[in-house]
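Structures follow.
Shared between the two complexes below is chain A, which pairs with chain B and chain C, respectively.
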Partner chain A sequence: MASPLWYLYIIKEKIKNIIDAKPNKSSYIPPDRYRKVPPILKYPKKCISCEACKESCPAFAIEMYYNNEYKKNLPNIDVDSCISCANCVEACPTGVLEIDKHRLETEGLFFYIPKSHTLMIDGEKCVLCGQCKEVCPIDIIIEKPDTYFIEVSKCISCKECYKTCPVGAIIILDEKTHKEKINRFFELKLKKSFGELDISEKINKIPHISKYICIKCGNCKEICPGEIDLNNYKVVNCLYCGYCLEVCPTGAIRTEVKIEAKNKEETYYINEDQCIGCRICYKVCKVNAIEISKEIKIPYIIPDKCVTCGLCAKKCPVDAITKVKKEVAEKTVKKRIIENKIIEIIENDIKEYTKKYGLVKDYLENILKNKILEELKKYVMEETKKIMGENGDKRKNN
Partner chain B sequence: MIKKFVRKRSIHLCVVNTGGCNGCDVEIVSCLAPRYDIEQYGIYVHNNPREADILVISGPTTLPWIDRVKELYEKVPEPKIVVAVGACALSGGIFKEGHVLGGIEKIIPVDVKIPGCPPRPSEIIEGILKSVHLLAEKEKRLKK
Partner chain C sequence: MTTVPIGPIHPIFKEPLRIKLVLDGERPIDAEIEMGYVHRGIEKIMEGKHVHKGLYLAERVCGICSYVQSFTFIECVEKISKIEIPEKAKYLRILTCELERIHSHLLIIAMYCLSIEHETLGMWILNSRERIMDLLEMITGNRINTGYNILGGVRKDIDKEMITKIYNVLDKFEDEIKTIREAFETAPLVKLRSRDIGILKYFDIMKTRAVGPVARASGLENSDVRLRYKYYKELKTYKPVSRKEGDNFARNIVRFDEIEICIKMIREVLELYQEVGGPIREKCEIKGGEGENRFEAHRGELTYKMELTNHGFIKRIMIRTPTTMNLAAYRYMLKTCPTVADAVATYVSIDPCISCTEKTLYIVEDGKIKYIW
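Let's turn to the complex of A and B:
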């Protein structure tokens, strides 16, 4: 302690303190758990370009750009707008991003992944083809007996399933449309509370509620002048005003369901030479696009009804079903359709003919029976009268 | 040389909030408290643009604030430095979709950017201290 070097060191420090007017440097150094700005791309090789980080960012700081080195889209983080909330780090399914040690510390913990778009599957439109399940990068789509189901808490909203769905059964819940619907709802609610809501018939069908996409917000229940039971998804008393349709944010309440194909240029086609006539495709098809030819007893696909879900091709045991262009399929299938129609007309004619024949026959038989009965009665009456008359004469004579 | 030395140690701040959430302002206020104590570096907060050297701007610059900010910038005597504090002042931050300009850089030149939502008080002090040497340089340039 007493060495002159030590004193020199202390004097130097004190002079430094006076000149810099700074206390210990420790006040500058942030504590251990502090999240640095911004997150970094630690393992760009692992990135699958799912845009989960972009969806989860509340400050819109992340954008995807094509990277020449890795030959795929990589997230680019804007340093200025990043608020270092670490949502992107927690949302990333493959662990590409890192902010300090946050990813290692929170790995495996339950986390409701934030996103600006929510995806849901409309069970009434779903054709059970299972393409969404194959395409999902993180395997969170579950198969159920009557529909497929997305686990909303784990979904990263990459929209791969939305792009591949052949019938548009997957809907996107957007904050913007949600806001519009709620604004409309409050407008109508004000009118209703003042008693100015005009109730006239605008729709001609009672709407029904789809239980698969209803989020139970209760908008329709409050605006309805009749009665809606949300627990059992039923419209109890309808006045045909149509206000519930305008107010529903997900479109769960509706009058009719239309299953329409996105891909209108292609259809599936059954090769008649390969087909063994097992009719598995006929049972599996949910849109009733497959009919069985009455001439050769082999199924064929109607191109106008087919939604190109590919379920029949998957289930076919001999791979007789292939994807072709609509024009090619129409040429060969037209013959079968016309054939079927002619046979149907003939069958119908025969049925009606036999029906009419039977009716006429019955009618005639009835008339004949009645007539015979009447005549028999007349005959019997006359005979009895005769006998009675003879007897009476005899009595008079006696 | 003495002037340069002294100039580094007497700086006057003018803090302007252009319609943010006040988070950054709270952090700036905590710089004044004994824990960080911004006055030990010779920095004083006056909130008077006429006698300020550094304009500290936070917030996403809402539309009515655009003209005000330009006015304030003109009132500050030369040489002047602008320090943008927080994500909002840099790019609009979480208010990007609202009725905001998004980034103070679009209307006035910015010398120092301090990112973060909000930045720590130590970071704000670091940013301001790093900008101080610019004052002397700017003064030199003015004389020429």
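Let's turn to the complex of A and C:
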């Protein structure tokens, strides 16, 4: 026991133990399909900070934080609340995230992209400027004759189009407002079932339904004391109570449509020296902000009506239209507006004068014509009497 | 007359519930059931959410049969918006569903064995259940909350290696289940504690609308939604199982029989799966409307009723789980229980799941509200 060989043996064993104490790696690696591993940021360079992953997460596990290294917002995945459903991997348009081999398996397949917000374009407000189509990172906005249209099944709801739209024609339907409206709906419905709903006139106009943003939830139809036909988007019988306006989650049922500009400081301005007077801008404008000067026969833009959609600047063949501040444009445009008004007043006066003149002229002409005719008749009768004589006249009368 | 309260916390209960037994001597005569300890209001949370989020929430309605809940939910959405899923996804859904049925049945038989103090048999069953859980993990990626279903199909495909592995595991499992069943049928302890105890008669089913294995053990063979479900009509091996005794023993034997049929069905589905090709999921668009879907969960008939808007927001939803009806049938079983210990074992034999059942419910008898659950 006490021999040096024994001690050597023990020391050797201990050293061997320390060397062997490494964990057996193969037992720690989870099997291929085991999904209790949260997704990882594999290619952060490709990220476009669109927040599609954040939108798709059902467990609220993803948040965006600014990264100093890459100088953009990157998703940060909370490991504890991740349920590893792989929705974010499917939603990512550039393939940044990865969970085992799921990205490779689903690449190129088409399916409904998971998300919680839905974006829709209101066709009644759309001014057809096409800015949303330019901005969209995945090119899913289609042009139609009367409006632009978002393909909901492919949309990742990055909200880029919502930010750029000049008139606020794009509507976000999110879960929070949807739930609030549903709660309000159930409250009212309970009142209605007990017969306690107060039906007095609160609105002046009969509301109409926009078919572009109606999602057919049926809230208005169930609460209405009158009658609403959702298949044809029509209000059949209205009692002016206004409950349908309170309950609609998208604002599709409304009394009036107002197109208002988001940007109220800037406007477009036509340079009169460059303009060739082709009047393409005048035909293209949907909000009737362009009028034609009667003095020099060249179009000008009214700054109060302009919504800065930029459609006229795009279509102009000589690039005569530029974006300026409102105050700069008002100086020159005011002159044209006053000129136009004066010319209009003069023209109106002339019109009225000519109208009155014409009326008097017609009246006089009519009276004169009748008198002349009567006198002619008398004259002809007298002449015939003279020629025919009294005898002949008597025979004719008999 | 004395009353013995059992619960809300008791070693035999997996979930909190209170049963007040009314005793005459040692014989239980009647029982009052009190609920509300795990009410989560999951239907109210789902209102206003998108279908993609509601799917994961529906999976968390139940902790054991989580796949069936998401299966019924997503089939209901597809029914409303008229989406047809590809053939491959259809077979994969049946495969996962039947595997989960085996594990659920084995778990409740094991719990029953523990409740009649036959712990050895219970441990055997739990041991062989682990083989099925491994298969589930291999196919879907997770053990319980699988997240396997997705709108228009399933998340992942299986390959040839997995199919051979499933066949091998099933062969082993079949031998094990045979010995376990023999032990269960011939053991004298099981016979003493479960034959002629907790009998539910055929006419009592009409009063309480019992469903699932509880109804099938009492002679009601047609109480199986799979008989009328579109996917199961083409399967040749599927046959409903029934028994006529209606006692605790028959309820467990029905479950053993169903496991055997499940194994046969899985083999047939795998053969059918290998014949078809194509993708496992499809592009689809969600349309608004109302609809209802029923499916045979492991405990009985499961119903999802819902109303959707365009683009897939849930307006309102109603879930009806099988334990609601089976708990009502429990009061009729008590009449043939000689002791309090048997009443507890009978409670376990109906396969109760409380957290599924905890919805706001009114039970009306003779025009008056008798129970509010």
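Rule of thumb we're sticking to: the second predicted complex is superposed on the first by the 326 of 398 C-alpha atoms of A that agree within 3 Å, B and C clash if a C-alpha of one lies under 4 Å from a C-alpha of the other, contacts with A are read in each partner's own complex, and residues count from 1 in each chain.
One rule holds in what follows: a residue touches a chain if its C-beta (ideal position, glycine included) is under 8 Å from a C-beta of that chain, and two chains touch if they have at least 3 such contacts.
Because the structure is a prediction, the values reported are computed rather than measured.
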Touched partner set for A:S84, first chain B, second chain C, both or neither: both
Which of chain B and chain C A:I182 touches, first, second, both or neither: second
Partner chain in contact with A:P38 - chain B first, chain C second, else both or neither: first
First, second, both or neither for A:P58, with chain B first and chain C second: both
More chain A residues in contact - chain B or chain C: C
Shared contact residues on chain A - chain B and chain C: 34, 58-59, 83-85
Residues of chain C defined as touching chain A within the complex: 47-50, 52-53, 55-57, 137-142, 145, 147, 150-153, 155-157, 279, 281-286, 288, 307, 309-311, 313, 315-316
Sites on chain A touched by chain B in the complex: 21-23, 27-28, 30, 34, 37-38, 58-61, 78-85
Touching residues (chain side chain B, partner chain A) in the complex: 9, 36, 40-42, 87, 90-94, 96-97, 103, 113, 115-117, 120, 122, 126
Residue ranges of chain A in contact with chain C within the complex: 31, 33-36, 56, 58-59, 83-87, 102, 105, 109-112, 114-116, 118, 152-153, 173, 175-176, 178-179, 182, 214-219, 249
